[in-house]
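Quick one: this structure, given as structure tokens, is what I'll be asking you about.
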């Protein structure tokens, strides 16, 4: 079961629910943010990280990217795509870059400073990213691993903006998310 | 029937064949290039335009974008995607931007000078773009129309590079495409 | 003289002030938004347009793009760049794409749905864009014209998000901008 | 002294010459490519790496990015930019993302598969990247370090395309570069 905030669009609900179904919890993504940012912000808490992940997930562009990418993963898993794209996505072929293209559109929403974070965790594959990539389970996560990394990178950018004073809330505000809408 | 060049990868063959099945001929895209570039290059021929379209289509990134986008269009047409993305893609919802994201990855391959051409024909919808957008036939072309516009924009950039001397061939070389590979 | 809101960072103040010095008022950009969006939203007012432009200008990424681009324009105007980039920027050479690259980073902040608006007004050059492009005055606006078009495209995306309910304010809220910060 | 190939445009000559003046040799960038790719391609030689770097540097978009970025670095070093952008670039402020934006336009030329390589070496800072980042010398390399990383990432993508058969040459062809032009 996942607890969903009250004031949430159907689209966001669907995106969160699909992340959950595919084995990704907000906590997993928050851990990636912590992994990326703990060295820069001394008092960083997991609550800060989770709050920023939640806010990134409120963006419609991000929800669209999640739903489209997971859809392709699921169809490849069920062998329902046409050749040759079925095989390319199923095997997560290394010359295929549409997963990175969609992921980068998530990063872009919080500006270019997240590009390097995205590339870094994609290579390092900490936490949930390692799990999504082990290819042992018969699951296909060609798009999802890049999308999760991108959400973490975007949340890291958002966090940096917060600490720079660009966005007021963070930390305490995390209790009051419900009624807020995206900017 | 489409005549395919001899020296062509399976991936390219598949991309060209899907374009054809979905109602887009190379000639249609060449016409978009002519529409975009005739005012800048006086002696521009349709042969030049077609040649540059062919070269853009030799890029693996472009082939991946075509195959992924058309796959999503076809599945939406067959009502095989999960809600809510099924409905979003089926209706070509105007807040959905993954089609533009994938299209822009095509434009990028020949540099940023193609961005404006892409945006321009997407609004003007000359030739084949109008046809793909009439939504009357029950066909879904949410991705394809953006992809076709992006190929035309990329071919326009490539053309401009050719005329600037960055690429030697053009015109006469169009007879010798077969043996060439992408750069 | 330009009237500046009270609660505004030094960076934003500087960006707004440079726009003004280079001949661009917020009203000019608001008119571009109106030009782009009036056909889609019947009750659209110039106040809505201006409000969304103001909100786009609160983004740090946008401020950085403005300041960097105008800096290069000004230095080219003063003949202070080194060859060959001096000449390339001075003449607004059509193969030079760094201006588009920087402009697109502005559009990206509000998602991919603004790409086509950006390309469209860049070709059509309504209002202030025509003025910035006439090259008669000895002024160099190689970067500025793309940046202004990109701000208008981003504001158009933001407007569409507002009307889709992603952002609560618009119209009435335009009186209360001062205390708000970017999201 | 740097040895320049015979058949080379003025623009390329200028870009290579500026890289050299700012302390970056082609060999340094080739080493970054080797660092990124040696684990994937067993027989990879430094000659392969260098060849791919050379080919990336033949792209006009890349030359423009190099010349524009270095120009801003040099002017910041000479304290010739206007406040506040002078200070932002001089200190390589971490919220400033125009350097990443320009760098990413280099990566894009060889497709999205280079995004992660770019992010990875930017965080790891092997070889020349560490040197460019030590900020001890009074030199400003805010743009250059990102540009060098991006060239290495693009050359890595090109290398992967070569090994996948997309581009014929590599290795032996490195002797024959002179007469070739960009694709």
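Note that the chains are named A, B, C and D in the order they appear, and that numbering of residues resets to 1 at the start of each chain.
One rule holds for everything that comes next: a contact is a pair of C-beta atoms (placed from the backbone, for glycine too) under 8 Å apart; a residue touches a chain by one contact, two chains touch by 3 or more.
What you are looking at is a predicted structure, and each value in this text was computed from that prediction instead of being measured.
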item	value
Chain pair showing more contacts of the two, B-C and B-D	B-C
Whole-Å separation of chain centres (CA-atom averages), chain B against chain D	29
Sequence positions of chain A contacting 2 or more other chains	60-61, 95-98, 101, 105, 111-112, 161, 164
Chain contact topology (line, ring, star, complete or other)	complete
Residue numbers on chain C that touch chain D, as the complex places them	10-11, 14, 60-61, 64-65, 67-68, 71-72, 74-75, 80-85, 88, 95-98, 101-102, 105
Residue ranges of chain C touching chain B (in the complex, touch as defined)	94-98, 100-101, 104, 111-113, 115-120, 122-124, 160-161, 164
Interfacial residue positions of chain D with respect to chain B in the complex	9, 55, 59-61, 105, 108-109, 111-112, 161, 164-168, 181-183
